[in-house]
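The next part holds the structures, each set out as structure tokens.
Next come two complexes built around chain A: one with chain B, the other with chain C.
So, the complex of A and B:
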């Protein structure tokens, strides 16, 4: 489990600040390319706002399509971050060190992106203010707090604010390192953001407490967010397939499954881009893959429960919906793809130790999971709506339009671009954590062997 | 009598820890010097006392304030437009619980952050005496004492094998 190379503090600074002080040409090319896709997304959203929701594939009775699917997906990705960071901090897992910051940053950017989806979906985004902002706008009517569509922004806003503050407070010591190595306006910026951090015993002590305390507070928020997202569906009384009482934990663990997979994908890409082999080591990828086997199996259990509960109800429309999801095209193809990509292929591969330590295969399997999890959300949302009405002549279908596909594609480019831009301004692996790991690591002799050891304070 | 600070820089933790004994022997009180490091060291590594703080009070206060604000907001908005739906009470407590839960936790997080900043004695306008080498693995010992004792403390830091002595206002003297 221990494959670490002993590094000096100066070497750690040099390696982990490389993304900030040395900019390869491909960086600008990549950011520029992603920026173009994001601009296309903005253009598509602008076109849609100008022309109305008629340019999308949304129509009676399917009014939730790609946008809401994508909203649930990005909310799911955001769960990895803080969950991974918080739980690993609380249990003081040694292998958390390179993963926490990337996970937290992914949380922030995916949450921001998720929040744009309902806004775009609303067609006239400015009107969203009327149903989420606690102000009556001279109409004498306030947002309806009994609606899940108000709980949702409240929860997501809480989670986003908490995640941003969590990332910032953990960044302060690293910003101080940047302050000491920059000049000009960047020095001024980092000086202000570092708040005059010096690294005293008191400050470090409070940093450690902050990590644990905030983790403990954010974990209940994280659980509530995706639970409430599931209630967006669960509280809609007339839609088959949305009623299961296990929806909340099913959504939460699904979010963790897709989120942790996304963190592994990001970590592998960062390791390759910035040559961080000494920090994001194979033992970390291996440990995360083992965690993913557990999470994926837990998620699969809830998936099976949700499906069985639907069938066990013996309600004709519910069973007809399940029959459609599994046996009718195109849902059948999507269902099989979803099962194979989100569980069967990745988990069976992760069970092989060599796969867990193989970079191309790990990136392949973790991307596969997120393809599957996106499809999962799609086949939860759309089929139920398509068969929402009692009469067959009111049934409908859904085909996403080019506008929707462009906007959804742009969200992936947006998150990637924001992570890359963040890496240009702040370190994506906590410097203090990496240095502390070196101090607490040693080799001890037991009998005739030298055993790598990590000391931990209780 | 004005207090002045002087920073002794040490190239490893063991030397810095030994230097704290030299400082104590020279008459410096424990609370008059601080240890600056580039990463967290195990508690007591430099013989320091556990810093006293009240950080755990902050999330509690924040949670109570968040709960109160959320409760008032949810109750107030429903009472402002008292429309009975489905024969149910005006104040829908299950729905209010959800918003109040989020408000409570949001208040707790915001106050925790404020508490961490306040208890860390931040923001701090002046860094002096400070040296960027602290983030390269050097250990800094900052001694704050009356101006007339500064030379004694500086000598104690030198006797403790400081590789560099840095005074306030960034003036650097080679040891």
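So, the complex of A and C:
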């Protein structure tokens, strides 16, 4: 059932620009609060850089802990943008309209946040220049370009650049609307950014072509990013459980699972904050939840493949690792929580139509998914490393320190804050798309009822 | 590029529901001489296949090498035909209106599943027990794959047939109402007292959705069982977590291809041309293109991890299945399943024709055969599956006369089964088409005619 309300263009402008022109008091309070957490994160990172990585829980043999888990997590969230925006645009799914911008913006900010993680993890971030320059200038010893660790920044940067372009191209008409409604320095800023947009037929055509072309071009990049992140692990021979052929698609679909869930969470919050009930309607949340059932089940299949083929050859070290993941505390608790939160609870709830149209339950389930997916990355990364060595006396454990917990918490505050700041400057639901949706919406009379319908241009 | 097209509505949109029923039924009932000639030729070829099968049988079950091409034929039919049912299921889930003319074409492949189930039987004698070798059954009894794969494939066949029957009930009723005598009695039975009451429609929709979802999940599981038990686990040192998923993707890929080819044949040889228009070919070709890319991605993920890992066991598998022993089928599969369809279908202007997608689909079907061949033939050429790694690489197993007869006969049998089933079930789903007539309109928008699609719910 659809709850569409006919809205005029003026009404759409007024509603969707509300986040920019009317600032409620809580907005500053919330941004300030998030800002404090972000500052705490910066302070913790500064402390860590000053004191060295010793202040973290990282130690032999577990050198990848919270930071790398968080890196993979945020890269995962960034996959929402393309999944929703590009794929749904290419397949002309009408219900994508209110979700695209939020998804793209989440992509950009989560990618930026993800990229801070390896920098912080490096302990001495300035050494990152060795990714580009020789380790040893005199002898010209360069980083190993055959390593997935070197491809990773290349893929992530490409993805970030194209995502920013993607957001910007879609934003141009909306910026022009803002230009026409502002004065002073803001007018100047929006004038520059709107690139002389007048809304002529030719401009719309170009904008449309650019959107479709970028959607198609960005798809392979989107797949490459998480595939390469997975090969950071998959190409490592020495860690049990990592060298699996299924890692690339497993990571990609897991990223889509967590990313789309995050978009639903963000959309629900936006709907509530800016009173966008007429735009982010229950039918949209319902459609996204149905999509999530398919994505989650696909992801679970890959998880099952990964697990089954981990055990397939019945090799001692691999069985020992899986046994630790599943049966030994604290991994056991994490593993059960992971299974319940990332698949069992949310999917069984989404199967019930009433849940898909219930705001509190949807926000609950989508947050659960991301708790589960964070844990998933953690239990992929850390247990294998803890058992990396052949001799039991060289095995290790890992307990995150307060510094790591603070920095990881700050990344969540950072992404939320950046999305809120973005909402203050640009509309988070594309005006043009909302208006186009209104124009293309139609109704067909069948018997005695009017059935919602949509016009198709081709 | 993305320009406003002003498409003419499909020619059948001007028809009333009654005219459509009449037209489809008329064509359904008159098969024509050519149909039976082709059926007779296929029957003859199937007979040759039976001779080939007897020749294989005469060599016994002990030497697995004899059965490599037989297993390939079984796997190929499974990959192509049993996945083909899924296309209708997936498109119905996605509520794509353009699926309507091809829904039955896809579901009818369920009967080929029944044919393929019989092909499985001899392989159960060829398949060794799992004791002492690696398998997904771990410490379960050694006959687990024999039992569970039979059950899995059997369930898939039953589910597919149930879906086909269920989704044709309204059409069976239409045939019943237009037939007389014994034919009417048969269709009366198959129509299950369908009168088109609202509660019957509700049950039909719920049943078709549930069976479809069940088929989808079952198909993916059976892909895993067949690919691992009948290929991967027979090769020592081959531990490839993505292989079942790659096998399934290859299935979806060739499923789209077989439907495009079937549509082209129907357009060419029957009067269903007006129902199967460029719209269907264009939409399916986009899917085919996407699946060609996914085919490459899944292959690449598996290959890359092995190639990068550089462990002796991994390199020997790569040499065996891809770059040395079975390099020719691999290169053919790679070119025909990925490169050629990609190069053909990347052009929208080609996708928007009948010949473009048909050509690409035909090529994909050949590529899928070589892809199946490079897994199943080598897997059956290994004498001892209980080793830890592939230390001794067996030579290339070239097909003999019996193998070629079995391949031809198997494929002919599958096509014949499909053709005969199309005599029972109208190959165009009338009720879905009529639903489409109600839910799709052309409407004037400013200066152009535009398609309007109803989206109930």
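Worth a mention:
Here is the rule we go by: the second predicted complex is superposed on the first by the 447 of 458 C-alpha atoms of A that agree within 3 Å, B and C clash if a C-alpha of one lies under 4 Å from a C-alpha of the other, contacts with A are read in each partner's own complex, and residues count from 1 in each chain.
Convention: contacts are C-beta pairs under 8 Å (C-beta built on N, C-alpha and C of every residue); 3 or more make two chains touch, one makes a residue touch a chain.
Remember, predicted model here, so these are calculated numbers, not experimental data.
Counting the residues of chain A touched by each of chain B and chain C gives the higher count for B. Residue contacts after overlaying the shared chain place A:351 against neither chain B nor chain C.
By the touch criterion stated above, A:29 is placed in contact with neither chain B nor chain C. Once the two complexes are laid over each other on the shared chain, residue contacts for A:162 go to chain B alone; chain C is not touched. When the two complexes are overlaid on their common chain A, residue A:209 makes contact with chain B and with chain C alike.
In the superposed pair of complexes, A:309 makes contact with chain C only, with no contact to chain B. Of the two partner chains placed around the shared chain by superposition, neither chain B nor chain C is touched by A:333.
With both structures placed on the common chain, the touch criterion links A:198 to chain B but leaves chain C unconnected. Note: residues 205, 208-209, 220, 455, 457 of chain A belong to the chain B contact set and to the chain C contact set alike, using the contact criterion stated above. Put simply, chain B touches chain A in their complex at residues 13, 34-43, 46, 48, 50-51, 53, 55-56, 59, 73-74, 76-78, 80-81, 85, 92, 95-96, 98-99, 101-103, 105-106, 108-110, 112-113, 116-117, 119-127, 130, 132, 134-137, 140, 142.
Listing the residues of chain C that touch chain A in their complex gives 1-5, 7, 93-94, 134-136, 138, 217, 220, 224, 239-245, 293, 297-298, 301-302, 304-306, 308-311, 438-439, 441, 443, 445, 450-457.
Chain A contributes residues 8-10, 13, 134, 136, 140-143, 145-147, 150-151, 154-155, 157-158, 161-162, 165-166, 168-169, 172-173, 176-177, 180-181, 195-210, 213-214, 217-218, 220-221, 224, 228, 431-433, 435-436, 439-440, 455, 457 to its touches with chain B in the complex. The residues of chain A lying in touch with chain C in their complex are 1-2, 91, 94, 205, 208-209, 212, 220, 223, 227, 231, 234-235, 237, 243-249, 294, 297, 301-302, 305-306, 308-314, 442, 444, 446, 451-458.
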